[in-house]
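For clarity, chains are labelled A, B, C, D and E in written order, and residue numbers in each chain start from 1.
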Amino acid sequence: MIVRPGLHWLRMVFVWRGSVLRDIAPQLLLVTGFSILVTAFHGYLFAWKVPLNFVPFSLIGLTLAIFLGFRNNTSYARYWEARMLWGTVLNESRNLLRMGLTLVEPPAKSQLLAARLIAFVHALRHQLRHTDPSADFARVLSPEDQVRLQPALFKPAMLLLMASEWARDHRQAGQAMEMPLGRLTEALGGCERIAGTPIPFTYVVIIHRTIFLYCVLLPFGLIDSIGPMTPVIVVFLGYTFFALEALGQEIEEPFGTAQNDLALDEMSRTIESTLREMLGEPQQPIVMDPEVFNHT
Amino acid sequence: MIVRPGLHWLRMVFVWRGSVLRDIAPQLLLVTGFSILVTAFHGYLFAWKVPLNFVPFSLIGLTLAIFLGFRNNTSYARYWEARMLWGTVLNESRNLLRMGLTLVEPPAKSQLLAARLIAFVHALRHQLRHTDPSADFARVLSPEDQVRLQPALFKPAMLLLMASEWARDHRQAGQAMEMPLGRLTEALGGCERIAGTPIPFTYVVIIHRTIFLYCVLLPFGLIDSIGPMTPVIVVFLGYTFFALEALGQEIEEPFGTAQNDLALDEMSRTIESTLREMLGEPQQPIVMDPEVFNHT
Amino acid sequence: MIVRPGLHWLRMVFVWRGSVLRDIAPQLLLVTGFSILVTAFHGYLFAWKVPLNFVPFSLIGLTLAIFLGFRNNTSYARYWEARMLWGTVLNESRNLLRMGLTLVEPPAKSQLLAARLIAFVHALRHQLRHTDPSADFARVLSPEDQVRLQPALFKPAMLLLMASEWARDHRQAGQAMEMPLGRLTEALGGCERIAGTPIPFTYVVIIHRTIFLYCVLLPFGLIDSIGPMTPVIVVFLGYTFFALEALGQEIEEPFGTAQNDLALDEMSRTIESTLREMLGEPQQPIVMDPEVFNHT
Amino acid sequence: MIVRPGLHWLRMVFVWRGSVLRDIAPQLLLVTGFSILVTAFHGYLFAWKVPLNFVPFSLIGLTLAIFLGFRNNTSYARYWEARMLWGTVLNESRNLLRMGLTLVEPPAKSQLLAARLIAFVHALRHQLRHTDPSADFARVLSPEDQVRLQPALFKPAMLLLMASEWARDHRQAGQAMEMPLGRLTEALGGCERIAGTPIPFTYVVIIHRTIFLYCVLLPFGLIDSIGPMTPVIVVFLGYTFFALEALGQEIEEPFGTAQNDLALDEMSRTIESTLREMLGEPQQPIVMDPEVFNHT
Amino acid sequence: MIVRPGLHWLRMVFVWRGSVLRDIAPQLLLVTGFSILVTAFHGYLFAWKVPLNFVPFSLIGLTLAIFLGFRNNTSYARYWEARMLWGTVLNESRNLLRMGLTLVEPPAKSQLLAARLIAFVHALRHQLRHTDPSADFARVLSPEDQVRLQPALFKPAMLLLMASEWARDHRQAGQAMEMPLGRLTEALGGCERIAGTPIPFTYVVIIHRTIFLYCVLLPFGLIDSIGPMTPVIVVFLGYTFFALEALGQEIEEPFGTAQNDLALDEMSRTIESTLREMLGEPQQPIVMDPEVFNHT
């Protein structure tokens, strides 16, 4: 996730970091080269003048708008839902620990609960990013808990079961803790859903093809009316199309480490910090290097 | 459901598997043939030059955009809601079993609960796909439970009642299990709703007619300005229209086994696996054949 | 509600049943006749050539798109929300009966609860359709319950109160039944809301006027460029506009018996059937006449 | 709120009541007059022919569509959310009284609860419309309750506190009543939110300016191509723009008494009637004067 | 937040306060100057006539509409969600205090609860605006509570824990207070989410670039058809684009003190006032200076 709030409007026109130019460069270069060729040959393809004007492109624009708008909205909805699910992880961890601290005597007993919740957060991040959670487990969990988690396929689900067992062992808490435990289960399932169910593949194919064909045909449609400006416009349009597609692809699966993905590392650290503070451990604010815009 | 994350952008232009070309081939061929005929006769219909230009098509585009956008968004909303309902099935099964394991002593008693929940998941899938659940029932349920389910019309609802009876027989659990049982009932009803209530038929008819008439008239409107390129553009436009319609039709009822439908088989297996792991049975990761993209 | 899943794409172009042609025939004929007249007189109105081209129509298209898109989305949202509310009626009836059967001993006592719930479902349907519920009440309720309901203005609300009294008389159930009773109350109130609050009348007026004026002026704008094809295009456009409007009007109040309205009859029967099955009464599958597509 | 369901499509073209023509007349007349002047002078402004054609307007249409669509959707969303909040008021009042009647013995004790709930509904309406609730309070509340409410700034919130005190005084009810009380608090806060937070003022300004400038420049852009039809088209377009804006303004704050606002009077009466019927007081159906379409 | 309900439609065309003209002045001046230069040189760039017409701009309009519509809707959704979260803060504070007053004897004990809730509201506002909460804490909290909050990084979360401890110390309340406490935790987490997760930076860059390039190229595309009117139209279009972008930027992070941001000061005061009134302290209505439109 890139955070650069104070950027001047003029500098934003020329910023390189944070744009998707790198990702779409090959496609854009291909389209640019082709449009320059078409312009150089005045729209002739082997001595045959390709008879096209702007009309077909304004008609095709109709479905293209539907496709791109759909792709864009769907991808962003997935991104934002993923962010909300991580918000739920924060909220319900706080709720559970708050209940532990106020419903179970003495409060110190809640340290085990907090450890399992913190381990859950890290386990969820590692599962979504296919990385190894052992180091984080070693840092926060007891050896027995680590051993129990070792063979588990669904580690975060197992940790919720273990948090639930803590509640069982401290029956004073009553059943109030079932609701936040249920919500954490939902957040876990929601993240697994987004990670495991991509946007239907056929959409991706149709959109990609339509954009590509559009950009290849476009120079023939413009050459007669705007002549040497044809490549400029084709590149401009191609840039917006490809960028929209690339951006959609990036945020559609928002748990990765690409520049527009969610800052799971930072969020995990924040949750751990706020839970530890509730236990009474003093916390230091997380200081960011102002030159590093890309939070992972 | 097709999962092909690492596909190169150039290969995606020419991919055959996962596109809907096969489904829309007849309509596309008809429209192509007709537009070639119109081009060959220079827009004449029995010696009468059909006087059309691009204007009517840009006006008709207005309602077409509304229709297609509506169809597309509605179909995808149904698809995604169905996916969320299956997510609820996963979450609340986990919640119920977690409660069983922590609220009822000894935990071994929860095996019967887990069996009924696993049977519920398979029963739901079989009901939605109109297939026979007997084999799955025989694998997880006791003979008495199988006998009781035999005559039932609404098998998943009956299994929820039986899970509820388990809770009644183990009163230690209190009433906390009512909430996840209620949520499973909602997920069941939601799936039945999507399966039983199609998009209003009149929409389907109007959209189909508008697209068809548009594609049949279009060659007459293009022939005078782009001549021999007419069939190319008609096919291009027809492809996006028909593909959008076919895709909508496919994901609107997402419980089937078409290539963009939900992978109910895989999800059922995953739910069974995570529940069994909670019971303490070690699980193997599900290995996919990398050449098979179509998950059912 | 029309259900015709297997319709061939070619037959769908010519289907009569399920289209709204009948409803919009008068307006469409008027517009057709007028456009033929305009074409016959070459756009002259009493010797004055009306100077119009396509430009104004493409500008007007802007607001028309907003209006029609809004009308369409809002109407469908009402339709789908109504369907979801009836889904809630199904889910929460099942939940209540499940609770009755598992929380109250002996299960046979729940027959009275089931009777009141079934009566509630039918009462809701009759209230929404302004029909007489007496026959259904006589079939499922005791004479005393019927007498009590006789003078009630808000019969479904009264039946929920009576279901609540059943819960009071069987206190073993605790307060778990309050939640599904509350949800049924919400579903009832939601249906009353949709039935009682139409889309703001001014929208309906503005949209109707804009469409009408557009269709009346359009022939003058097309006659110079497409000549004798003018009526064809005007009818085509008029068809999509009027159909969109008529369809919106139909599904906006989805509790009627028009061809795209919800199949309340069928849903009531299904709910009654699933509740009876839970009580242990064997049920027969509902067989549909394959020639009857219109489910009410 | 205007309710005229059976209006014939032809009469709807000419209906005066329910349209917003009155509200937008001044602006529409100004724009009409100006466009007639421009037409009379053939687009000359003090001997200078203003060089405009339709192109700029089709480009400006882009942002105008975004603005108007946004304004329209946002206003309607506020209207519909307000309606849903009042639906919640109905539902949760019923729920609370149902609980009172079934959880507290004898049922007659619930009359005090019902009185406070009915007073809450009227107090909410009066607060939203800035009218005096004393008459309604005198009709339903005891003198002591009236005295207590007299100095309160937040009268509906105070009435919910008093309903809560009733629950405290009848502890048999347990804590089940906390949930509907919480929902009523949310409905109250939601109404206050809509009433107190308008659509950001800058939107209103930008949209208003864009529409106005568009309508003033438009005659110059049309005069060369459609000549004397210019004022007709300008008025037509201006009507749709201004009507969309005026309608948005009206329903954005839906608690007033304008013709498209919510029928709070009628809803309050309905809620009072259904609550009284639950108490056992026979109710008369509310008869509407068929000539009065405007329900407040 | 600007509140100016009764503004006349004519005055709204010329209003300065509340428009974003100040923020976008530099960009608008640059674009204006450039378009005047292009007009003065008749579209020549160093003796080369730039061959452009309106066609490319109508094609680019396609993606521009998607981008701007997306930006606008997303920003407003964030604004409105933030407003709803503050609505939740109001509602659940009322709920908690209502529970305290009715479930705990004597009601006077609830003063400590109210103090911590009021401090929570102010702490949330100060955290979101990065201001110092000490003055507000000194006004409402006991010295011990202030000392405990001093070192906390997450002050609002700590205050919710302290409110929870109050509930623990007054066990008569049972666990009913867990639900509103959980909702306040969610509102807190939601505000932190909106404040900490901007719209993906790449969107902001692409939209900004597309607008800028569009405005720079536009004069070349218009000069041949509308000549000296070119700068007028460019400024008009640039105004709507830049204003849309600036407005999006302003309300996307709605917790600041810009003119369209949420009136957190006023809302905090209102919440404090309604809570104090529930405690029995008489409240004065908040009087606004009618000349000050900008509520913070």
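Please note the rule applied: a residue touches a chain if its C-beta (ideal position, glycine included) is under 8 Å from a C-beta of that chain, and two chains touch if they have at least 3 such contacts.
If you're wondering where the values come from, they're calculated on a predicted model, not measured in any experiment.
J.: In this assembly, which chains make contact with chain B and also with chain C?
T.: none
J.: Moving only to chains each one touches, count the minimum steps from chain C until you reach chain E.
T.: The fewest steps needed to get from chain C to chain E is 2.
J.: With touch defined as above, tell me whether chain C and chain D contact each other through largely the same residue numbers, more than half shared, or through different ones.
T.: Chain C and chain D contact each other through largely non-matching residue numbers.
J.: Measuring from the mean C-alpha position of chain A to the mean C-alpha position of chain B, what distance in angstrom results?
T.: Between these chains, centre-to-centre, one finds 24 Å.
J.: Report the inter-centroid distance (CA atoms only) between chain A and chain C in whole Å.
T.: Those two chain centres are 38 Å apart.
J.: Which chain A residues sit where two or more other chains touch them?
T.: Residues 58, 64-65, 69, 179.
J.: What topology does the chain contact graph adopt: line, ring, star, complete, or other?
T.: Contact map by chain: ring.
J.: How would you write out the ring of chains in order, opening with chain A and then chain B?
T.: Cycle of chains, anchored at chain A and oriented toward chain B: A, B, C, D, E.
J.: Which bits of chain A are touching chain B when the two form their complex?
T.: For chain A paired with chain B, touching residues are 26-27, 50-53, 55-56, 58-60, 62-67, 69-70, 74, 151-154, 157-158, 160-161, 164-165, 167-168, 175, 178-179, 181-182, 185-186, 188-190, 192-193, 197-198, 200-206, 208-210, 212-213, 217.
J.: Which part of chain C faces chain B closely enough to touch in the complex?
T.: My answer: residues 1-5, 9, 12-13, 15, 18-20, 54, 57-58, 61, 64-65, 68-69, 72-73, 76, 79, 83-84, 87-88, 90-91, 94-95, 98-99, 101-103, 174, 176, 179-180, 222, 225-229, 232-233, 236-237, 240-241, 243-244, 247, 250-251, 259-260, 262, 273-274, 277-278, 282-283, 285, 293.
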